[in-house]
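As written, the chain order gives the labels A, B, C and D, with residue 1 at the start of each chain.
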Amino acid sequence: MADEIVKNIILGEDDDYVINMGPQHPSTHGVLRFEVSLKGETIEKVVPHCGYIHRGIEKMCERDTYPQIIHLTDRMDYLSAHINNEAVCLCVENALEVEVPDRVKYIRTILDELNRIASHQLWWCAMGMDMGALTTFFYGLRDREKILDIFEESFGSRLLHSFNTPGGLMNDIHPDFQKKTKEFIQYFRKKLPEYDQLLSGNVIFQARTKDIGVLSLEDAIQYGITGPSGRASGFACDIRKIQPYSAYPKVSFKEIVYTEGDTFHRYKARIDEMYESMNIIEQLIDNIPEGDHALKMKAVIKLPVGEYYQRAETARGELGVYIVSDGNKTPYRIKFRSPNFSNLFIINKLATGFKIADLVAISGSLDLVIPDIDR
Amino acid sequence: MKEVLNYFEDIFFGIRSLWAGMRITGKYFVSPRQIVTQKYPENRKELKMTERFKGEVIMPHDENNHHRCTGCGICQINCPNGSIEIITKKELNAEGKEVRAIDKHIYHLSMCTFCGLCVKTCPSDALAFGREFEHAVFDKSKLTKILNQPGSSLLKDVK
Amino acid sequence: MDHENLKNQILSLIPEAEFRENKQFLEIIVPSAKLNSICKELKNSGNTWFDYLFCLTAIDWNDHFMMVYHLTSTKHNHTLVLKTRVDNHQNPEVDTVSDIWRTAEFHEREVYDLFGIKFNNHPDPRRLFLEDDYGFPLRKDFTDEINMIVR
Amino acid sequence: MTFNIYDLSSFTQSVDAWLRNAMSPGWASLTEYVVIGLVFLILYAVVGLYLVYAERKVCAFMQNRLGPNRVGPFGLFQTIADLIKLLMKELIPIKNADKVLFNIAPFIVIIASFLAIAAIPFAKGLHAIDFNIGIFYVIAVSSVSVIGILLAGWSSNSKYSLIGAMRSGAQIISYELSVGLSLLTIVIFAGTMQLSSIIESQANGWWIFKGHISAFIAFIIFLIASTAETNRGPFDLAEAESELTAGFHTEYSGIRFAFFFLAEYMNMFIVASIAATVFLGGWMPLHFGTGTGFNHIMDFIPPIFWFTGKTAFVVYLMMWFKWTFPRLRIDQLLTLEWKYLLPINLVNILVVAFLTLMGWYFK
């Protein structure tokens, strides 16, 4: 009996050398399990197993009112909490056909980009740590702390903000927000080149990442790989450009697209995105218009009967919020198209034929956040 | 000949890139003023959380042990996780009419996600966020708190 | 391509498509029996070229399921919502589209896991998140007295 | 008993003479063996623990952290506390593990590093055994530890361990060559394999200065290869915590794990002291030429401090590498050895031989 169970858990042929990476493994960044079939050190097959942190957020949302949903979306992709919140808010606002004040749009966009930088910083440290350069972890977190301090001052929380609410923001930004943000940009413009010197330029790092895990454009579209991972393959999938929301139509920025599609360019795309995000913030930070921080919404928000879809660009790719409303105060069905879910399953294709160390590099470059996969 | 040149070029650029990284770590090694970590329990006194820090939900009481909670239950309805339970009682007011008043405002810190909906939606501003952040206890039941202090009563002018 | 134009294009490709009111995207309903061939048509036809499936999900309408496919074209940059009705609520079955869009393979596994909709010809028809005997939680008739808090 | 900090041989000889006076020659030798053994054991523990502490402090400063600061002043007793914790930990028995080999493996690793200490000259006259083939002995003995690692990986019945052990085997056997060849350059210069004679030959300048660029290249290669041989970052593929959780010692716990841990740091100390002895003049003070005032000033610093200082410098270099660079992949590791280090090394040896033949180095 026990043997049968073991057999069911471990797939793969009997003569394969199968190792389990995860759910408790330093480089799976959470409770994800890779079942890796090896030949020597070369990977023959990777089967990802997820569900270790499945919480049924979609089911929970069906019993929650729209403002209550917001705090659950924080907990999907906790590194782009603000963007997740915003996507739901935008969806509700579009459904109600209300237009939030310009001030809200500007602040949301700035926060989105700050959140993106913070997320990429954490990704950068984790990526470095996956590759064995442990010092990167502390440099990344050191700089991320500055953003979290800004967040804490305005929202009261550092990671899971729940700062957006349908119709605007929970409260106005802190008076010091602009000053602190500008200080941060100034600081980070100095620190970001250090990232390049420490890791991107490093000959060992380049040898570890260049031409490893090459993702072609066709595969990127076929598998729905979005975000910087997809853009590194030439898939121009930036929702901020395709369907601009909030204040994105008002800013000019470059969509980072590379065509190589290997691990190094997935890395490079994110590093470059941090520069672009800083550009966006700099364009907006001095021009935040005066006004209310939120619209006056009804006490109970009921969406008209219908289906609403909102796309937003999180730090990891395209987030889709699909709300089906039957006119009640709770959604009839809500679906989150999470970027990591699609991004995860390419791993078998990318890692096959490479070494174990490359699997770690590839999964690091895909920047997976496991709660977002399982939801 | 070209291969040989490439070979040495590889070595040269490799060493240069390695040195670039070593310069950074070396620079931080000799500049202890850039250390960012703090000695946490020792710095408790100067450790200030920001004004808006969401540590826990509290019910502010004034010096006469008055709070502003009418026991309307809006926070309970708005809480996504059921971390607030409100037990009301009937009380005679100054005019001798029987009105609803708060008996116990039970707050389960263990279930709270600090989304802020209760504080935001409270019509009489009875709730606020406390800045306490050291919540570790040895017994889970200690995380269930009664927010209104014993013997407290409603402030006069709160509707 | 604007809505009208696309509508005509799709009508010429799929005469049986039934158009639905939707403020955001163009929305069609197709019979589930011909789903796979219609999808192939939509993907491969040069004027529609829906090569990117960005969302796949199902909705439980108590007596039937509705499969929803959000398609977009990276070339023409137009979006289509494709729906198909799955009538059998007890043992729902529908053709897979994972041979057309690879990403559907995993979205379909998720849908199978949470709704119990079987996908014919699916290459890897296992559950994704939950245990094999868990039930299908996103169905409206799913109950779990221990873990679910109902308001 | 005379004690001279500049020349400890008088001290050791007087201890020897006193012992031989007090008891029969056989017992005297036995007592000496035991005393030296005990001294080395204590040295082993102290150096190992404080290298761990040093590494934690060094990496902390590089990472803008404070590092250990709780136990004792500046956290000086942190590693001792850790050791006590590890001693009290349960030794987890592994199902289907090869019990005998599993238990022996940590000892083999630790013995291998223990053996090598014997040949290291700590100061003038402070030298357990002065082999006439000292370098050869050190190279031979330090490669024994790979057997322990291989046994550990094989016997723990874990797939991660096995991969780690195999990586380690491939790595150590390859890099052994470079270590040997880079030391050989200095052997050619000095014309001897005896460590004490090599130090004596550096009385008028260390080999890294005297031996032109060749000695410098050999030093760099030795540094890289020995880092690889001790399984330290960026060559810590055998452990590779982001890939193999902990590599060959995944299944070890408690004191057995502590043995591996200590052995790693001791190995680091040994290779650093070898590098200091062979390239940087060992306990020999910094000298330029002969008989200048500068040399006299340098002579004031006792040899033991010169030795520790140089060793600490090399250890710091190795820590600097580890905390800066990402880890190599196994095939790149072998490429580095066979494509870059080994050919350069061979050419370097030819050049050195030529230089020595012609006498074209600073004498």
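Just so we're on the same page, a contact is a pair of C-beta atoms (placed from the backbone, for glycine too) under 8 Å apart; a residue touches a chain by one contact, two chains touch by 3 or more.
In this text the structure is predicted, and so the values were computed from the model without any measurement.
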{"item": "Farthest-lying chain, centroid of Cα atoms versus that of subunit C", "value": "D"}
{"item": "Separation of subunit A from subunit C, taking each centre as the mean of its C-alpha atoms, in whole Å", "value": "25"}
{"item": "Distance from subunit D to subunit B - Cα centre to Cα centre, in angstrom", "value": "50"}
{"item": "Separation of subunit C from subunit D, taking each centre as the mean of its C-alpha atoms, in whole Å", "value": "64"}
{"item": "Multi-partner residues of subunit B (each touching 2 or more other chains)", "value": "18, 21, 24-25, 36"}
{"item": "Where subunit C touches two or more other chains at once, by residue number", "value": "149"}
{"item": "Set of subunit A residues in contact with two or more other chains", "value": "135, 142, 198-199, 202, 204"}
{"item": "Which pairs of chains touch, using the document's own definition", "value": "A-B, A-C, A-D, B-D"}
{"item": "Parts of subunit A lying in touch with subunit D, wherever the complex brings them together", "value": "17-19, 25-27, 38, 41, 128-135, 137-139, 142, 198-199, 202, 204-205, 207-208, 355-358, 360"}
{"item": "Subunit B to subunit A touching residues, read off their complex", "value": "13-14, 17-18, 20-21, 23-25, 36, 49-54, 78, 80, 113-117, 120-121, 129"}
{"item": "Subunit B residues touching subunit D - in the complex, by the definition given at the top", "value": "11, 18, 21-22, 24-26, 28-29, 32, 34-37, 39"}
{"item": "For the subunit D and subunit B complex, residues of the former touching the latter", "value": "58, 61-66, 69, 320-321, 323-325, 340"}
{"item": "Subunit C - residues contacting subunit A, complex", "value": "22-25, 51-55, 57, 59-60, 68, 70, 74, 77, 81, 101-103, 105-107, 110, 114, 128-130, 137-138, 142, 148-151"}
